[in-house]
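Chain nomenclature is as follows: A, B, C, D and E, assigned in order of appearance, with residue numbering initiated at 1 for each chain independently.
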């Protein structure tokens, strides 16, 4: 249980202005370097940062002889045009919304299935020596296998339809979820379980009323990590048998050297990733109000 | 700081027989369901599990009309033959060792650079509102970008040599390391930092003697997670121009439908992944003996 | 009501790197129903181990425990446990925590509601039912834990340093509450504490335990708990009798400590 | 040696959701060098806040603190802090922890070594230098924290509930050690505690603080610390004078508590 | 071909109303959907029929067109049962897959494109036909693997006397990667197909051998139409009707390309100029040509045998089939008018 890595940007809640806990007393600390409570995100510098990125982008792509060739990395004007055109006309067979929704729904389905499989398996591993013995080698052996290496097998087994793509995203997320759920179980305070037994709970009740809620925070963090991993696997998942989807668009557009469209879709993925993380954080604050307060 | 996900298989130390803390007193607990300390890995069931996997594999590929066609997923005999042949003759231009070493060294280099970049950035984000403001949008926006989407850009910028591949692996690992390092800093107990200031330490000394060692456990866990992610990105990285490497072998062999070779290489990656995780755990136990005991 | 009987209980923990710890050796005692037993003793003398065995979380390596003649083989509702801290369910509110036992036993909702209200009133938390656990102070949380335990009407209440984390003043209040409950309900209570004063003040009976091997070094029958509610507790604690007893115990334990902890380096 | 002067110190914490807490209001006192001041008071009365201001970790929103006439603007070596727990560096062994201050100040290795050996001896941990922190018991860890603080020869030692996590017996030993150090080194010490007995026994001077707003309610000059080392501490604590003082304090604080905590639901 | 002499107007009418082919009742054999794989990176004549849903109308089926980026994936998708017909699959991946034991058959030739698939030499390396052996020695060549481009490269190098052990072939993931590698200058030569070649030529690259020079060596570069054998057995008239619509579309294209260019480009997801420059390099063979000895009459089978034997010699695969005659089935094409 001492083995944790942080959720992605767990502490960036403040980034988006919702949970900014600092105010007033900031000026009163004489020591801020090394004091975690002092380190929230400076909104001003966030704006500078995004502005800086834009500036660099502009600098390296401006003029008739840009530092980075237009066809390598397009300028802001070109990307903006591509974006508005993408919004208006979509790309190839799909509208912007269809592409976005196709990818989003694949990621969400993959994550959902990954979670639905991962939680019971993770719980089983956290609750039973036997099941842990059974799943441990499987999890450890399969986890590092590159999704791309699985593509041929997945085509053969699951075809080229949605199932294949979703399954690849399941693969990407299920290991994260298993590990998170297991950690959630292992983090259950022994005394809570003991207390529940003494209060007459049976095993099923222990699972339902003690272990499950106790593991929720870890599960939630797992979902957030898995989301990032799923988006990262999207292009691989959409390599096959589709031209609708952000990942497919990136792949196809790059085959036609349409770097403007590639960049637009990369940015859309980035922004959706950020947005979903915010949603998860809000949900988390709602659903697990006790988090960090136990 | 309450936002953590577990290291992969953080608790599977016992899997490999090094840290098995249970013995003797196991029979004395009347309650084991829900008691984390009771849930170590059953070695017997681990063997059953691996045996079961082999058995299923054998069942679905046996006979002249196997359930899974030979060319989809080869049988054990074929994979074993391919493995011994791979050991003896290698594949294409490389010996087994050359392929393995090429991939291993890329993964290690990528991880090393990712760590060397990620730690200071993560530390900076944990220590300064300004730097956090600067890096937060970058990290959040770039993290979900699929490595595959970056292939053309990376070739254009870094060419097709080692640098390009290593850079993609850096991309895969650096976000994990940044987030881990940041969490490590945020986990520093305020009173330790205060104590150090009172003992006359300056900022640099605080960083070196308090924050760094305190963040080590999280950094270590980050390295273990990043290792998994790096292996998972290997095929994509080796698409950046090479014929030597386990990922490249998987790609090329799959183009010739040599599923036996594909499976051999997948398994080699899995086993190396497991082995490196064991090494990391041993190192961790050596280097951070205080972990979980603070 | 049932008497508790502990017969020749021994507990040996085997250590992972070999060796073993004799946490309890041949511990025997009988506790009649309705007594309030306090356990006092230095760290590692097996207090928690003994409580866990009685609660049924651990099976002893030797001997047996019976309640009303029936052997204890696992946790049971007739033996409630109040932990030092952290055993409340923070995902439930106060009322849900208290109602946990009846709910697990599929008791009627309305009945449970009345029960919970009554218990919250008993522990002085009327109106706090819908508060979240993390909104309560430490002392209030301990009262919730007590109410939750009482909801199942256990024959025996086991408390492992229930007041250890509270400040002096809250602690004193809780002591009063425990005495009051004990008087009113007549339950059997076993309470572990590190505080000599607390052990004296609350204990109707007191065992001083000693480590290596864990055992009962000395047993006392005490008068203070009986009068603790009626007379002013602070006067009682300031009485010569109380102070004498305290000094006696402290000397004894101090000696024990010296003997045990001596190797840690004395403080000259 | 320098005198400490706290002048009209106020501290207002602004709350994230609006509103503010007056953690300290207009707190003033002078503490001559070499005194041992204990701070006693219910939770939330600003004890930690005051200590943090003196340590220089927080700047007050009003007023000022000076040491020997110099204003305090940040942490400094002349003011050492001993925390309740968890402030030791577990990645260093005992000797390295104690040597931390001298090392940060680039003191000579050999000199530091002698210093560390001497301090370990003082706190009764001779020979424990190469032990890991997590191998020590809580009491031993507190002694390391004390030694580490002493290594820098601070003028003022600030202790925030240093003995709160220890069991009764270890605690009594540590009290003895603190008194001894105070007598031998003549340092100024400010010690926060929740235990009335401890505040009385250790304090050469005692402030009872009250919350909302945080303030010094009552100040006492006490005789016990002076004699605590020479006479038997347990006898001292059992003396009528001690017990009277204790009852006086308890009554006062109990009243304060009632007034403050009343809204939490009384325990009838 | 029936539409061979139709005027553009009538062709359009034909494809829309489909009078010729609907006359033949297609026995769909309980099939209600047909899944066809096509190559997403380039324009083909039959994309008019694809865009106008002529296939659906004629076959009386819903035809699903699945975009693919490689013939390898088409082979795997046919194996999984998700694809019934692969249109424009490379010959090499097909041959590779049947060599590994798959029961797929060629039922037609989709497109021949010797000029649209080639290797472009980087100007800095000064590679020409005459000095290739020396100028390429020790250099990197960027090429896709296991497809016709790969085969063609190997044959060309062999012809030019380049020591194959002395060059390193770097596996490429498609056109943009090739262009990127080319522009980056790490490779002496990059092989690709389609628009990538034009881009590299525009960047100063040169062809070492032209498409026709390569054809003269007997290197044929073409894509085929393939099906799982069992699909043909179960639904012969669907396959024939598919080939018929394709034949009609090719004929319409042959007679009046100009009016169809925009439709094709749109269906291919390309701009008209890019689409046209590829179409310039394409030949869509009619039924009779396909059935002639130069193609399915025997040459294609021989080409497969040659390629696979060559790959065996190169050590890429262990064994080739003794003969590839059995993986060509012209019976469907013979039913086309």
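We adopt the following convention: a contact is a pair of C-beta atoms (placed from the backbone, for glycine too) under 8 Å apart; a residue touches a chain by one contact, two chains touch by 3 or more.
Here the structure is a predicted model, which is why all the values come from computation and not from measurement.
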According to the touch definition, list the chains common to the neighbour sets of chain B and chain D. A, C
Could you tell me which chains are in contact with chain D and with chain E alike? A, B
Measuring between mean CA coordinates, which chain is farthest from chain C? E
Name the two chains that are joined by the greatest number of C-beta pairs in contact. A-B
Taking the mean of the C-alpha atoms as each chain's centre, how many Å separate chain A from chain B? 17
Length of the line joining the C-alpha centres of chain A and chain E, rounded to whole Å: 39
Quick one: report the Å distance separating chain A from chain C, using the average Cα coordinate of each chain. 46
Mark out which residues of chain D touch at least two other chains, giving numbers and ranges. 56-57, 74-75
Chain A: which residues touch two or more other chains? 31, 69, 72, 152, 156-157, 194, 196-197, 210, 239, 251, 254
Would you mind listing the residues of chain E that make contact with two or more other chains? 79, 176, 180, 183
Set of all touching chain pairs, with the criterion as stated earlier: A-B, A-C, A-D, A-E, B-C, B-D, B-E, C-D
Considering only the defined contacts, which chain C positions touch chain A in the complex? 55, 57, 74-77, 79-81, 83, 86-92, 100-101, 104-105, 132-134, 148-149, 151-152, 154
Mind pulling up the chain E residues that touch chain A in the complex? 37, 40-41, 66-69, 73, 76-77, 79-83, 174-176, 179-180, 183, 195-196, 199, 269-270, 274
Touching residues (chain side chain A, partner chain D) in the complex: 20-25, 27-31
Residues on chain E engaged by chain B in the complex (per definition of touch): 72, 75, 79, 93, 96-97, 100-102, 140, 142, 145-147, 168-173, 176-177, 180-181, 183-187, 311, 315-317
Which of the residues in chain A end up touching chain C in this complex? 189, 191-192, 194-202, 205, 209-210, 213-214, 216, 288-290, 293-294
